[in-house]
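In the two assemblies presented below, chain A is common to both, partnered first by chain B and then by chain C.
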Partner chain A sequence: MAQTNALNWFLHRITGTFLIFMLITHFWVQHYDHQAASVTHEVVTEKGEMPDYPEEAKAGVRARYGEDAEVTPYQVVMQRLDDPVYAVLWKGFNILFLVVALHHGFYGLNNVMTDYIRDPMGRLIARALSWTLALGLLIIGMYSVITAGW
Partner chain B sequence: MAVDTQERPSASASTDAPAQQEGRVQRYRIRTGMFAWMMHRLTGVGLVVYLVIHIWGLTALTDPETFNALIAKYHSPLFKVGEFALLVAVAYHAMNGLRIVLIDFLGWSPKQKKLFWTLGAVTAVIILVGGWPSLYALGEWLFGPGSMPTFFL
Partner chain C sequence: MQLTIEIKRYNPDEDDEPHWESYEVPAEPLDSALSLLLHVKWHIDGTLSLRKSCAHGICGSDAMQINGENKLACSVLVQDLVEEDGDTVTFAPLPSAPVIKDLIIDQSRFFEKYRDVKPWLITDGPAPEREREQSPEEHAMIEDATKCIMCGACTHACPSTWADPDYLGPAAMLKAYRYTFDSRDDGAEERLDVVDSPDGLWKCYTIFNCNEACPKDIDITRWLSALKRKAATSQATTKA
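Coming up: the complex of A and B.
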């Protein structure tokens, strides 16, 4: 593992620790907060059928978009993002989350690949390809986060 | 496979005799720490694959119709099972990772057996409490509305 150094080893543990706290926040907002969660505890089987939302989510959407606003997953997310303060915090959090998760994941993946790929050329190719993929994901992820709600 | 074999021993570790050799592939004795490490790798690679799909999927945020269709798909039975599996992988990887950090940074290696089982119990609680909404949803779909206890939902 010629390219691995102590700084990356250290960073992997730091990013991992950060991810625990960020994941707790992420899960809470996206899955457990009754007003904010776009994925609810409901199974929808019909194609094109939308999930039903808790009263808190419906009230939140209607308060922002009017009494006859449709409560769709998109609207449930947008009720939060239409608040400028929340939107800035949310975008900042998610960009940080994206960078930390990608670094942690792809550094770990490279550790695994270095263990199993024995040919130096193969290692170089695997490393180049994986970090190119990570960079691509960073760009499209940033695009999604920044433009969400515009 | 990456393990060293008799045909191709590793260049540096030739003086360290492996624990046991049977046939072509070295066999390791799988103890608690080894099992934890193997699972950490497996869940780690799985989570990277999920991360790629997740970031790619979220490009749907730029269009309401696409996003609604995506979230509706996330509510299908198969995705609910996947959601639970994802939580299992995340909870395991996070708690085992925490164990590694505590051992590396705080020097908790003398307590590592105890640490393993304590964090194992914490992981089980996270999976049960955190995974309940997914299990509840699957149960309601399988056995009909009102068939599952709501608990804290």
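Coming up: the complex of A and C.
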């Protein structure tokens, strides 16, 4: 009975490789470098000015995380997703990132589950539940990415 | 030197649970770990049970857990054990296998999995008049894998086996590799059917414990990866 996982195994490798680059990009752009995230924006939009947190909010962040601490304001993320040129690219990136991470994570989770669940019926139920959850997360994720900023 | 030997003992007729017993054993640096056990058996407690035969790393009988690692008792030197872990040496049966008595595990499951992968030459055509030839390059593909002595150190070192006793395990799948990649063999499809299963190849998470355990230094993970690629490409081509 060849109940093959070959394709999923192959995709797990591919998605793992993608994740190296996508995670770095994601963290750099979304969570770390406020400037790098903003530059594309400033160049591309005519609006000219970047949204920012009010001074007292930034002071609060500095007090908590140190003088060099920076945060990426919500509005910056939103403007990127509303950008006339880059929005489609970023939305594409985010959706690919979502699909890749969900497949990678949930296939991995399924491996862990089948390590411990040996009963075939139990395995089937665990698999069905987990992929249903993944599908739910995919729908919510795609909805958020597509509607954000638009 | 004098070593303290701790052995995980279990006698199903008397014990509910395995327990540790301690023995003082004289040893020389170049003695094997097996000779420590034989000293216990011959001079201290004749009821100690263990498997061994060749005492030269050929038969694969005396794989066991020594200082927490799966090894062949006959192929480990006292000096190396002492250098790494001091002068107490522990012996336990291979983990995650049913224990028959003391250091002897029930290998039936292990050899069932071995038979499952059809570890023999499968050919389509009639037998040739003389031997089936193979070029040195073709042999080089499988040479490493042919060194396996079926000791079971790898399969019982694998967390996938610990979690799921039904997992085929590295030893059996290495055999599948050895025949599938043998230029004289035509049974790839049948064998891939067996290893491309929920308890087969895809439960190998490239943990490398098998490589670490193998007393023959076989690069098991590498060959299992080659088998995975073969299974994946043969899936892709049969579907297409």
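We adopt the following convention: the second predicted complex is superposed on the first by the 107 of 150 C-alpha atoms of A that agree within 3 Å, B and C clash if a C-alpha of one lies under 4 Å from a C-alpha of the other, contacts with A are read in each partner's own complex, and residues count from 1 in each chain.
Criterion: a residue touches a chain if its C-beta (ideal position, glycine included) is under 8 Å from a C-beta of that chain, and two chains touch if they have at least 3 such contacts.
None of the values given here were measured: they were computed from a predicted structure.
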Touching partner for A:133 - first (chain B), second (chain C), both, neither: first
Chain B versus chain C as contact partner of A:115, first or second or both or neither: both
Which superposed partner A:144 touches (first chain B, second chain C, both, neither): first
Contacts of A:27 with chain B and chain C, given as first, second, both or neither: first
Touching partner for A:7 - first (chain B), second (chain C), both, neither: second
More chain A residues in contact - chain B or chain C: B
Which of chain B and chain C A:123 touches, first, second, both or neither: second
Common interface residues of chain A - those touching chain B in one complex and chain C in the other: 115-116, 118
Sites on chain A touched by chain B in the complex: 13, 16-17, 19-20, 23, 27, 31-32, 38-45, 48-51, 72-74, 77, 98, 101-102, 105-106, 108-109, 112, 115-116, 118, 133, 137, 140-141, 143-144, 147-148
Interfacial residue positions of chain C with respect to chain A in the complex: 160, 163-164, 166, 192-193, 196-198, 201-203, 205, 228, 231-232, 235-236
Footprint of chain C on chain A - complex, ascending: 1-10, 111, 114-116, 118, 123
Contacting residues of chain B [partner chain A, same complex]: 1-2, 41, 44-45, 47-48, 51-52, 55-56, 58-59, 61-62, 64, 67-72, 74-77, 80, 83, 90, 94, 97-98, 100-101, 104-105, 130, 133-134, 136-138, 140-141, 153
